[in-house]
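The letters A, B, C and D name the chains in turn, as written, and every chain counts its residues from 1.
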Amino acid sequence: MQLIGDIFFLSGTIFLFLGALGLIRMPDVYNRIQAGTKAVTLGSILTLMGIFFYFPQWWGHLCLIILFLLFTNPVSSSALARAFYRNGISVWTKTK
Amino acid sequence: MSIIQSIALLLLFLSVLLVIIRFILGPGSADRIVAADSLSVLGTVVLVGLAAVLKNSIYLDIALVYSALAFIAIVVLAHIMEQK
Amino acid sequence: MQRWTTILFLTGLSIVLFAIITPLVLGQSPMLVGKLINASAVNDTGAANLVTAVVLAYRGLDTLGELAILFTAATAIGIILGTTDKTQTTSSPTAGFIVATAAKVLFPLLLVFALYIILHGHLTPGGGFQGGAVLAAAFFLLTLADSGNNIKHKVTQVIEALAGTAFIVLGLVSFALQGVFLQPWLDKGELGSLFSAGSLPLLYLALGLKVGAELANLLSSLANVEK
Amino acid sequence: MNIIILVITVSMLVIAAFYVVWADSFFTVLAASSMVSVGLVLLFVLLRAPDVALTEAVVGVALTGVIYALTLAKIDLWKINDNDDNNDVSQSKQ
């Protein structure tokens, strides 16, 4: 139980770290939204699953938090990207 | 706390630090809004991690409120930006 | 000039915060009231969350005053903005398909969640004000997704008036039974179960409905005023 | 371990408070005030005050940001001139 929790927790935080690194490294607002949504959502879900393996009696709260994260984070990011695009923020075009 | 958990918590706080760095050097205000949006999710995860460290389940309620409500401000911001 | 005052303020803020996080050695606070409340609150009120015991039982009149302040602020904003109840939508576009669908999915979840926070106010952190704010945010999400389905201001005003009346009626009943206004009455029940702590959950329910109706009214009239 | 969390939280609070006061764009101010709210919630949890943290989460995230944004949109202050960058939100519209 402890070992499975460790694996999930570590992989989740690695994904969170990679998402934050993408937020630094990406050249454009839209790319940053991409990094900050996909990797961070997956990482947070994996981290919460790891904590579920540490404390199995908290399953209700953790399931609700995962549900809310899964619904809210992509929605807010897509609304944000749509608003940015309609306001005419330029897209990065220097791709090779 | 085992060594794997320490490494994982360190990675978590490093990612918070990276998001703060993006907030500081983000060239436009759009980048800063994106950084704040990511930080709200990271804050939820950090709250759950703190609840696990403190071994107390009442801190999970705060994370629940945070994950449920943090996106309403962002959606309102996007809505207002679109009206302009 | 303003920048220098800003720097001064931020320096003071950081000094205060770093003084908080270093272990406090300057003067241990005596905490006489805190010790007394810790010792006797569970026997007095039967609430597992001591903050609720303080807010509703020891300082019930104070909470009534806060409610009056919030009511005054909401009334003032309503007078300034005007309750334009006309259904014709302004030029604001709808928020898009994804936000509309997410609002439809999230609205019942947020509603249940707000009721959970309100009804478990005497067991876990939370209570009337917090749950009422979540309730208002849930209703505002519907308005945000489609500006056509605005909430009915008449209905929220009726709910707000009934909830405020219920709070005072609960206090008056305890006045009639025990001779003290806003004293907890009813059975204390078993510590930690949902139906415990006497009349405190009923007071929190009235509080949450009133705050939620007020804030929903305020947000919707802020969002739907023609420029 | 604890001291790392505290230092990161407090430095985040101070940086975000700096941006709330100094930034010229209101979008930046909104993002920074939401960051202040995150930092305050973490600080209250670290100081073992879950009730205050819950109130701060609800009020600071939902109500303050939403009311601030709606009020600024109503009095037409979004079009303030900010020289953050040339592809900024409020300048690129003009």
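Here is the rule we go by: a residue touches a chain if its C-beta (ideal position, glycine included) is under 8 Å from a C-beta of that chain, and two chains touch if they have at least 3 such contacts.
Quantities reported herein were computed from a predicted structural model and do not represent experimental measurements.
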Practice item. Please work out which of A-C and B-D is bridged by more C-beta pairs in contact, and write that pair. Key: B-D
Study note, to complete from the structure: Of all chains, the one whose CA centroid lies most distant from that of subunit B is C
**Study point:** Inter-centroid spacing, subunit D versus subunit A (mean Cα positions, whole Å)
**Key:** 20
**Study point:** Whole-Å gap between the CA centroids of subunit A and subunit C
**Key:** 30
Exercise for review: Please work out the Cα centroid separation of subunit B and subunit D, and write it as a whole number of Å.
Suggested key: 12
Check your understanding: What is the distance, in whole Å, between the centres of subunit B and subunit C, each centre taken as the mean of its C-alpha atoms?
Key -> 24
Review point. Of all the residues in subunit D, which ones touch at least 2 other chains?
Key: 46, 50, 53-54, 58, 62, 66, 70, 87, 89, 93
Study note, to complete from the structure: Touching two or more other chains in subunit A are residues 64, 68, 72, 75, 79, 82, 84, 87, 89
Study note, to complete from the structure: Expected list for subunit B, residues touching two or more other chains, is 9, 16, 28, 30, 33, 35, 58, 61-62, 64-65, 68-70, 72, 75-79, 81-84
Check your understanding: Where on subunit D is subunit B touching in the complex?
Key -> 1, 4-5, 8, 11-12, 15-16, 19, 23, 25, 27-28, 30-32, 34-35, 38, 41-42, 45-46, 48, 50, 53-54, 57-58, 61-62, 65-66, 69-70, 72-73, 78-79, 82, 84-85, 87-90, 93
Check your understanding: Can you list the subunit C residues touching subunit D in their complex?
Key -> 3, 6, 9-10, 13-14, 17-18, 20-21, 49, 51, 125-126, 129-130, 133-134, 136-137, 140, 215, 218-219, 222-223, 225, 227
Exercise for review: Quick one: which bits of subunit C touch subunit A in the complex? Just the residue numbers, please.
Suggested key: 95-96, 98-99, 102, 105-106, 109, 113
Revision key, fill the gap. Subunit D partner, complex, touching residues on subunit B are 1, 6, 9-10, 13, 16-17, 20, 23-24, 27-30, 32-33, 35-36, 39-40, 43, 46-47, 50, 53-54, 58-59, 61-62, 65-66, 69-70, 72-73, 76-77, 80-81, 83-84
Practice item. Over in the complex, which subunit B residues touch subunit C? Could you list them? Key: 58, 61-62, 64-65, 68-69, 72, 75-76, 78-79, 82-83
